[in-house]
């Protein structure tokens, strides 16, 4: 950490998230602003092993801030899980005198980065890019704001049909380990209930809610992969026992990942990209950038990975009041 | 033609489609423009039987042109399929001296209307409101333009992820009997193939296309319910025999029905709503309004229902050229 | 404050903002949840004087959470500025035994409410609804997130043309007293500079930035009504002295106010609406609801009105780094 | 025309329009499909003179179908208006053995192309790319559908504010010589009137319409540059004599040009791009591709340029009926 960083490489890894390109742009421009050379590694750890690494300049990242996905592409790498793979990756970086890494991704990305740091002692910083908002140490991850808006826009469209036909719709949204997209899109979409992984809701409870309500059409938002079952399973159980509504299911799926990022995700990603470069310059390593109460923080690996990101109980309380 | 029409009732029936509200608004305002009284029947034939009928004025339909769904709601009616149900419906209309009907819906709606006309000799006109664009006698049905754009916007989002990960996505769109949404959203979404109900495509043919291509990510659009199988089934078959890509499936489902209509659907619905009222005034009955080569036409029941709406072969040819 | 509140009236005042309807809905449903009766006052203080007041139930606010504008309408009231006007307003409330008020609006709204409270000692709470994000005491006002996204979407479209023609575009956004929309939409839109009311930027400074840059097209975002001049004036001055670019101006204007609110504004409005009702029940009065670091706060009149909402200097710093 | 075409160059010229990239893609892929080599000329005629010409392959135009603007950029060229400039342009083409040109643009583009053809006898075809829909010989130009939807989305947002405040809004849209955007966005936006270049509307007529109406808020759409005056001028005249409403003006400006194209524009551009290449192969030259009643047509220079594109009188009739 005593030696000055001169050459930074940036890459994206794991599932893509809207705003990743804004983060890449910020890393590149901040690097140049601080007179560092900057390189792109394509296809995450896979490209690091395959030596898919190219230098970038300020114009390389022009006209990308508004684009979904990641221009650096992302991939899973089995080889990076082996010591040989990581050694190869390290040698490719060394060959170009790259002396620091910025990774953009979720917890899997940070875990790989942590291991790499431990083995080769190269400064590394992770930027949280995942739509799930499931990382402790930051109020928001990049992509979450956009994905929630995408879910809400889809729910708004489905509501048109629900209202036109007096139907009950079950809408499955993303968030296998975190109910943030589900609870917020449920509140914003005017759903009667949001079923999240953090809380079991029984069919009895749900039917009681539907039964008490005098709404002529209703929406239930379900986070995929939760312990209460999939949207399809829950719908089936409700349908068997509660016949007031004509019941339908829609699974939003991958369309929640893409799309042009919101201003919020673009600004968040811009802040975090700059903070990653400035963190490296200040000698930080093995940390994940976060934003807590509007301030940049740097979370070490243990803090980030050993805690659970908990759902805000206030959101559950609000959802209940509004569903009357 | 001998007796002047004085009181017109309008209703929506079958699946909702974006632009139905614009059509309702046009029927109401055109009726008033021509000094007719105008009534809303809620929930289609079901409301006609239940006497859920109210008078409207020009302001009743203010601020609805931009809304998806139908403010008059829609429902399926088993009772209307019985002579007793239709008799009840007729009496409710007669009680209010309603002497003409405008229905907005698809082929099921027109079939019911035709039967009603035959039994009670009341002038009736149907406006084609369905996202599927599957009715002969009109170049476009109301809702189709919006639904296709909704599908394309979803495909654009999925492409972000496909490109970021070098994946193959199968995207299922609506259009059980008509490939219009699939072929047009496939061309507009840059898909390598669109699988439509009108044409069988074998897994061999599809794999050959994928194999010849040097694209690093690909999209295949599949119309639901076609004879080539569902998106899920086709994806499974491809995946078993062609492992180059990581394969994913997204089913767009009901979100294609809703949403604010495009300018095209609003203007089309406005034209057709006015044409329906003017057709009734001119003595037309038992016809469906259509637009052929930008001109209003009135199609009789046989013409509309006994022909098949065929897919434009030029679209298939174009799709093939562009997918190289 | 000792006596229990039983009847709450809600109204919107000042310029409309996306999310106001979500706030109205939350006030209505929270009131009912806590067994209060709830009334709508139409057209703000004007309707209070004109006795345009109606009772609401939970279903009255169904299907409005996604709509822009305000279903309760808003108006300026000269008469409310007179003691006689306020007296009349008070009597209309008294007649219905309304014993608490929730107002949704900006600083003018809160000022009127404060005066009304001082004169008649009726419990009042204000919810900050304004796109400008110019109220101290809250991190976000309702409508700001949506308006910034609307501005960014417009900037994205203009960028397409700027890039196609190597042009310099000046884009005027809202925010007469606050640069939040300008600075955030500038960062998110990839602008080379954002000119905000809080900071004077000279033509010399701007030209120097443009001159140093090697961008082939550029965007400058300008907050309306700032001391650096309007977009039109600044563009003219730049154009006279710097001829590298073809220069164009677009004034976004009122389209920034409307539109369906983002999830963020809907959830913020929902929280604040509930907090307003709960604040009244807890005996709070003459305060404005706010959110600070994700927690609800209640700001008294002096705190809110005597401080200036300052721009986050970090945003200015970030904007500068990214514009290289 | 007897000799076979082997090398085609494509370029965009004049104002950018959404869908131009889809047209470029179709020209490139169709050329390759028919075993031609294909080249891009950047910045229109200017780049042709500057020798800014590069070969393309099928992958060069991947992931562009959804993008607004033109990846080939566009520019005005004074030098191309001189015989020397055109000579230089021709020599640059000749050097690469380019033996046919496809231009995408408006009437100015076609005029330049026609002159070039007359002078150098090189086969040329023009594709109509302009948002104004002001070219005879085709039912639709590329970009018009998208621009009209963009205008309507803006109008929808403004309506939220108009309704919230009982205001009269004047909204200026593009279309200096053609009222298509104005009349269609007026109908689709629920405007009380659309003022178009093809028809003079006096302030008296407009005030009479407003006066007769019992609408509490109203929108008037005005095409820029028409003989009835600008939106600002008309608003001022109305405001001086008709004080019922609070009057506001919004000028949509350049944001109408950009944005991701609709499915309609993408499919239209795809068809036309293929038709341009097939036309060249069939020996056609000095023509503009068009679509009449869903069929591809080729219009010669005189037909296209000596006729006026007239507004469909049916649209004016409909607008009137709906504005009651």
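As written, the chains take the letters A, B, C and D, and residue 1 is the first residue of each chain.
One rule holds for everything that comes next: a contact is a pair of C-beta atoms (placed from the backbone, for glycine too) under 8 Å apart; a residue touches a chain by one contact, two chains touch by 3 or more.
Listed by chain with UniProt protein names: A, B, C, D = ATP-dependent 6-phosphofructokinase.
Keep in mind it's a predicted model, so treat the numbers as computed, not measured.
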item	value
Contact distance in steps, from chain A to chain D	2
Farthest chain (mean CA position) relative to chain B	C
Rounded Å distance between chain A and chain C, as computed from the means of their C-alpha atoms	29
Centroid distance [mean C-alpha coordinates] between chain D and chain C, Å	36
Separation of mean Cα positions, chain C and chain B [Å, integer]	39
Touching two or more other chains - residues of chain A	156, 159, 163
Arrangement of touching chains [line / ring / star / complete / other]	ring
Residues of chain C touching chain A in the complex	22, 25-26, 29-30, 32-33, 58-59, 62-63, 65-66, 139, 145, 148-149, 151-152, 156, 159, 163, 184-185, 187-190, 214-215, 260, 262-264, 266-267, 270-271, 274, 293-294, 312, 314-315, 318, 321-322, 324
Footprint of chain D on chain C - complex, ascending	12, 15-16, 18, 67-70, 73-75, 150, 154, 156-161, 163-166, 169, 248-259
